[in-house]
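Chains here go by letter, A, B, C and D, matching the order in which they are written, and residues are numbered from 1 within each.
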Amino acid sequence: MPPIGRKQWAIPEGYLPSWSHGPAPQMSSHEAICILNVSGVDAHIEITIFYEDRAPVGPYRFTVENARTRHLRLNDFDDPEKIPVDTPFSSIVVSDTPVVVQHTRLDSRQAENALMTAMAFAGSE
Amino acid sequence: MPPIGRKQWAIPEGYLPSWSHGPAPQMSSHEAICILNVSGVDAHIEITIFYEDRAPVGPYRFTVENARTRHLRLNDFDDPEKIPVDTPFSSIVVSDTPVVVQHTRLDSRQAENALMTAMAFAGSE
Amino acid sequence: MPPIGRKQWAIPEGYLPSWSHGPAPQMSSHEAICILNVSGVDAHIEITIFYEDRAPVGPYRFTVENARTRHLRLNDFDDPEKIPVDTPFSSIVVSDTPVVVQHTRLDSRQAENALMTAMAFAGSE
Amino acid sequence: MPPIGRKQWAIPEGYLPSWSHGPAPQMSSHEAICILNVSGVDAHIEITIFYEDRAPVGPYRFTVENARTRHLRLNDFDDPEKIPVDTPFSSIVVSDTPVVVQHTRLDSRQAENALMTAMAFAGSE
């Protein structure tokens, strides 16, 4: 499998809905950052969260083993701190080996859920 | 944090739904342009709106401070003029420093909301 | 305004839902190809539709004036022929001047509508 | 028609919802990988599925004829094995000729369906 990916990714959109309908955890409103690592070595990931009106927070640290994926729920991030709900934010994902990054939101604030997804924007290296 | 981004972005899709269901402002139908600036300096942004049958309108001007994000609601744009509802349009975003741009629509015209998002198309410089 | 765009775009996803809920035309199930032209000259567009089990159909021809957008509803294409509903297809968009292309589906087959969008994949020239 | 596409694509997001509402097959919850081949020759496709906590599975093999599209439902993959529902995964698509790849989910777990789509991330060759 030839390598594919980049070491830096940006996700301008970010927003954790503050309420949900339906059975948890599947139908809980959430955002996820999905990271695929086929680089040949484990990936050490640092995610930084950017806000509209205060300093960035992070890094949040994760490991994605080689030939594995991880779907990280932003709602569950808690070190160094929780991401507040109902607050606009953005994310930067930095890895020490090339990975591929996609962002998804499931919004179940109303009775029926909505979905959206986008590939993150890849840095040039 | 290494820089990431581009100075020009295009969003062909644009449409402000003309009605909503649910509590404002969270569930109001809207479109947002989310801009992340990690360039090291403040970004001065100019957004131009393109229509099907009349001349472009703009620029709409915004500042995104370094290491901050802004989620700009197109429904709230009012200088030089409001963007009409129920009318197809497109957007060009120009910045004086590299930024990353993503576009999202929340449509709550029917009882349950729908979401869609896409990274804007990045210019070559 | 510096030019932005490409002359060739691909949209692998395509499917016209065969029924709708809600008031037409806003809430009718449909797909749209949104094209923004800031190239400085009018764009002459040719769209070809590809199917799973028969030869491609097209070109469907459109003009997008300079500094204008067009949101083309695939449901309305009729020359050389209508695109059948409930049938998977893909699209290739070719322009004689650089444009930017985005694809959106509004699906109102069930009582509440769903939305999805993606920037088309840009060719290398 | 000039060629467009790449030989390798990554889709970090993947998840098969475990239940559905509405008439099958149109409204069944599913994910699809849509592949367009305008390369001039038939494309032989190999898809590998990556999980969070076990070894990758594949390749799943498909052919996409020249000048044709295929919308492959991941729910139907069964050789070498079915993809489990309610389980995060990612996909890598490799082709022996350039193709274009897009990923879509229709989620009808609640009474009204939700949609999301993203162009896959293209490898550099």
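Brief remarks on what is shown
As a working rule, a residue touches a chain if its C-beta (ideal position, glycine included) is under 8 Å from a C-beta of that chain, and two chains touch if they have at least 3 such contacts.
Owing to the predicted nature of the structure, the values given are computational and were not obtained by experimental measurement.
At the interface between chain C and chain D, two copies of one sequence, fewer than half of the residue numbers in use appear on both sides, so the contact is built from largely different positions.
The best fit of Cα atoms from chain A onto chain B calls for a rotation angle of 90°, in steps of 5.
Rounded to whole angstrom, the centroid-to-centroid distance between chain B and chain C, based on C-alpha atoms, equals 21 Å. Looking at chain D, one finds that residues 111-112, 114-119 touch two or more other chains.
Within the complex, the chain A residues that touch chain B are 8, 10-15, 17-18, 48, 50-53, 55-56, 86, 88-90, 92, 94, 105, 107, 109-112, 114-121, 123-125.
Those residues of chain D lying in contact with chain C across their complex are 1-2, 4-5, 21-22, 26-27, 32, 34-36, 38, 67-71, 100-102, 104, 106, 108, 111-119, 122.
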